[in-house]
Amino acid sequence: MSRQPLLRVDALVKHFGGLRAVDHAAFDVTEGTITALIGPNGAGKTTLFNLVSGFLREDGGSVHFGDQDITRAAPHDVAAVGLIRTFQQPRVMTRMTVRENLHLASKDQPGEQLRNLFINRRATRRREREVGDRAEDLLQLVDLTRVADDYAGTLSGGQRKLLEFARALMPEPRMVLLDEPLAGVNPTLGRRLEAMIEQLRSEHDVTILVIEHDLPAVMRISDQVVVMSDGRVIAEGRPQEVRRDQAVIDAYLGTHADIPDPGEDLP
Amino acid sequence: MNAILNAQFWFFVGITAGIFTILGLGLQLQFGYAGLLNFGHVAFMAIGGYTTAILVVKTGMSLWIAAVLALLVAVPFSLLLGLPTLRLRADYLAMTTLAFAEIVRYVAINEEGLTGGSQGTINLAGVGTATNYNREWLAMIGTVRDWLEPLLGDLASRDFIMLIIVWTVAIAAIILVQYLVRSPWGRVLKSIREEEDAAAALGKDVFRFKQQALAIGSVLGALAGVFHAFQFSFFSPADFVPIVTFFVWMVIILGGTARNWGVPIGAAVFAVLFAGTRFLDVPPFSWLESDERAYLRMIIIGLALILLMMFRPQGVLGKREEMVLE
Amino acid sequence: MSELLQLIVNGLMTGAILAIGAVGVTLVLGILRLLHVAHGDTIAFGAYAGLLVASAFGDNMVAGIVGAILATAVLAVGLDYILWRPLRRRQAGLVSLLLTSIGLALVLRHAIFWVVGANPRQYPLDLLRVFELGPVRLSLSQVIALVLASASILLVGWLFARTNIGKRMRALSDDFSLAAVVGIDVNRTILLIWALSGALAGLAGVLQGLVRNSFNPNLGFQLLLPVFAAVVLGGIGSAYGALAGGLILGLAMEVATWDGLLGGVPASYKQVVAFAVLILVLIVRPEGVFGKAELR
């Protein structure tokens, strides 16, 4: 199946003082695929996410989403074109309930505009019901229905990860940027999350770019892998190809990490 | 001497509580819900009061129209304040809003031609000509009073009528703010207070929401200023010193920030503390001279603030989980 | 021209006071992350402590100055024990600390009002003795203030350049727990910060009392926003920045009234110059002139 690149990152540059955090990084993410962004710590992966999602200003290069140039777009504008990101440490709204967290995330809410609270109340109420239905579905997907009306602050770390994940799906994104969704998560939960991510791609046609350090998982679920090191993209391709790429091995050997064979099923 | 039994005294306390409720609701929306550290709230009270008085005296406008315009004028002023400052970190925002309020006060003191200067609204038509902008309000109250007197006798005083009016408006304001806060709009506001970046990543235009909260809160501040102008028929820049903003902060903390129905209770407690200690002849206040009483009152308020922060930062009514003060 | 020179000298005096006050604020803000709204009234405390000590020692101004510095330092340290340490233990947030500082400001100011009353006071110095340096006229107390301020600024500068204190404070400002691991006694350094901040506030109070012919307990709050403006101008957390920011701001406030500048700002708007600087710096260059840009 040959599809267009949905996200195109071109020659992206970001300095912090003298440090080049991102150094002419360039790659594409094909629509409907799971692409993993891997690399040793400090490679610039999260910085890249911040640049793409509008939280940092590029010092050079461009980012295109579909046919739109989102290089200079502010975070909320990036979300508006259908590109949603999560954070490495889940940023759930602790003093709101789980359900409120989800309702919040939905897009196209007339009730978020002041005037609609007075002149178009029926549309507001109708949309709120639809949002509620979708929230219920997502609550079931991540199995948080039991805690739906608890404050998000009372959730465990793993539950917060699930909430962060579900929340990113509420606005029906075309593409999600997942920042280490499996980090610090127990293996059982990790497998569930992996299955959900794959389900996203297969059943809902959501494009996914995921930063991950869990390399076995990456090898299992990714269609494409992009490897970064020292701010640069040093390899891009199918998991098998990347695993054998000498530059990648060198980058990881420097950090004593083993890149597993995607064919192996590791314990 | 025994003012506790005097109904008029309690009406006055009630009016103070009502005006502080309206002020408190505005600040509540800005801080309790949007997380904005606004330390310039009193500026909008000044803008509300002065705009009303200036329009009436300088242009001969009807008081009612002037009051409505005063509320509307608060919005562009809040934009002026918000545009440069809303992106600042919390304590920097506190400093700049405080500076903004002081600029407003200094202008009120110095631009005699516009505001009557440091002597206040009595000089609005020029020094030496005592002006009264409040004629229409007083006339209306007089009419209502004549109407009520056969029914209520002595109770039908000016302050009693003012009390009913202020509290009717205050309750309407509480209901309105409650409605706003429970809506999807309010939900975004709360999310911004909690995790601004996550809210932005989910598509919310953080700056716009903050500006809207600032604007609505400012209109409420101006409304309180209009009532202040009605009640006292005269005011000066000294009525709008930074301490008043701190009083409003006390009110919302007492009631527990992020609880709208806590605001009138915080305002009531504060009004009793404030007006009560001014007029009541109870020890330890009865042992002191009047200026010493004023100082003691302030010291008690300061101590109360400190003790609240130390032992009950969620306020008298708030819940720990909902504590906005970290 | 002579008017300009007088304004410059006045500006340097105002600036010196702002500078000395600003160092205290910038340390506390940069390291303890507390916007110390009560600093203004701490300065006022210093002014009045100086007054009371001076009269207790038979109108001895030297005793007054020393007394002011010591008393205010002790006050600041005491308050750390009573207020700030318990709040730190409870991990009180930004806003709680700010509101506590406001409460403290109210208590301090009105306690001073209660003890000394609202009538303007002055230091026991001959007000009529005037020095003329060329076109510039200075009263005796202003000369004393000028000398004292210059010496203090040099001393503070030396303190941070040469001694270990500056390094320790800077380490703390980066990371509390890390500093403790490296072996820095966190609590003791914090006490030092308060002691220094208090001493400088006391000194600033005395200087302000000397520079003005008469003063009342509101002098503290009147200095607060200009001091904040100086802190911000110089870059939060930077002691040198605070010194420079204070001097520059003081000059700006006074020289702005010079009628050679298109008529000049009316004298009553001098404070507004400080407010405007505060707002403008925070908008245009929040890290100030000497600060490092903060990564959000």
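So that you can tell them apart, the chains are marked A, B and C in the order they are listed, and the count of residues begins at 1 in each.
Here, a residue touches a chain if its C-beta (ideal position, glycine included) is under 8 Å from a C-beta of that chain, and two chains touch if they have at least 3 such contacts.
Quick caveat, the model's predicted, so the values are computed rather than measured.
Q: Drawing the touching chains as a network, do you get a line, a ring, a star, a complete graph or other?
A: Here the contact pattern is a line, an open path with two ends.
Q: So which chain ends up closest to the centre of the protein, judged by Cα positions averaged per chain?
A: Minimum centroid-to-centroid distance belongs to B.
Q: Between chain A and chain B, tell me the centre distance in angstrom, where each centre is the average of that chain's C-alpha atoms.
A: Their C-alpha centroids are separated by 45 Å.
Q: Just curious, how far off is chain C from chain B if you go by their C-alpha centres, in Å?
A: Chain centres of chain B and chain C, defined by C-alpha means, are spaced 31 Å apart.
Q: Please report how many Å separate the Cα centroid of chain A from that of chain C, as a whole number.
A: Comparing mean C-alpha positions, chain C is 49 Å from chain A.
Q: Spell out, as numbers or ranges, the residues of chain B touching 2 or more other chains.
A: As it turns out, chain B has residues touching two or more other chains at 324.
Q: Scan chain A for residues touching two or more other chains and write them down.
A: none
Q: Quick one: which bits of chain C touch chain B in the complex? Just the residue numbers, please.
A: Per the touch definition, chain C meets chain B at residues 29, 35, 83, 86-87, 90-100, 102-111, 113-114, 117-118, 221, 225, 228-229, 232, 266, 268-269, 271-272, 275-276, 278-279, 282-283, 286.
Q: Okay, in this complex, where on chain B does chain C touch?
A: Going through chain B, the ones touching chain C are 37, 84-85, 88, 90-92, 94-96, 98-100, 102-103, 106, 109-110, 242-243, 246, 249, 253, 291-292, 294-296, 298-299, 301-306, 308-310, 313, 324-326.
Q: Which chain A residues qualify as touching chain B in the complex?
A: 53, 55, 74-76, 78-80, 84-87, 91-96, 100-101, 103-105, 107, 109-114, 117, 124, 128, 151, 153, 167-168, 170-171
Q: What part of chain B is in contact with chain A in the complex they form?
A: Counting only chain B, the residues touching chain A are 179-180, 183-185, 187-188, 190-191, 194-195, 197-206, 212, 258, 321-322, 324.
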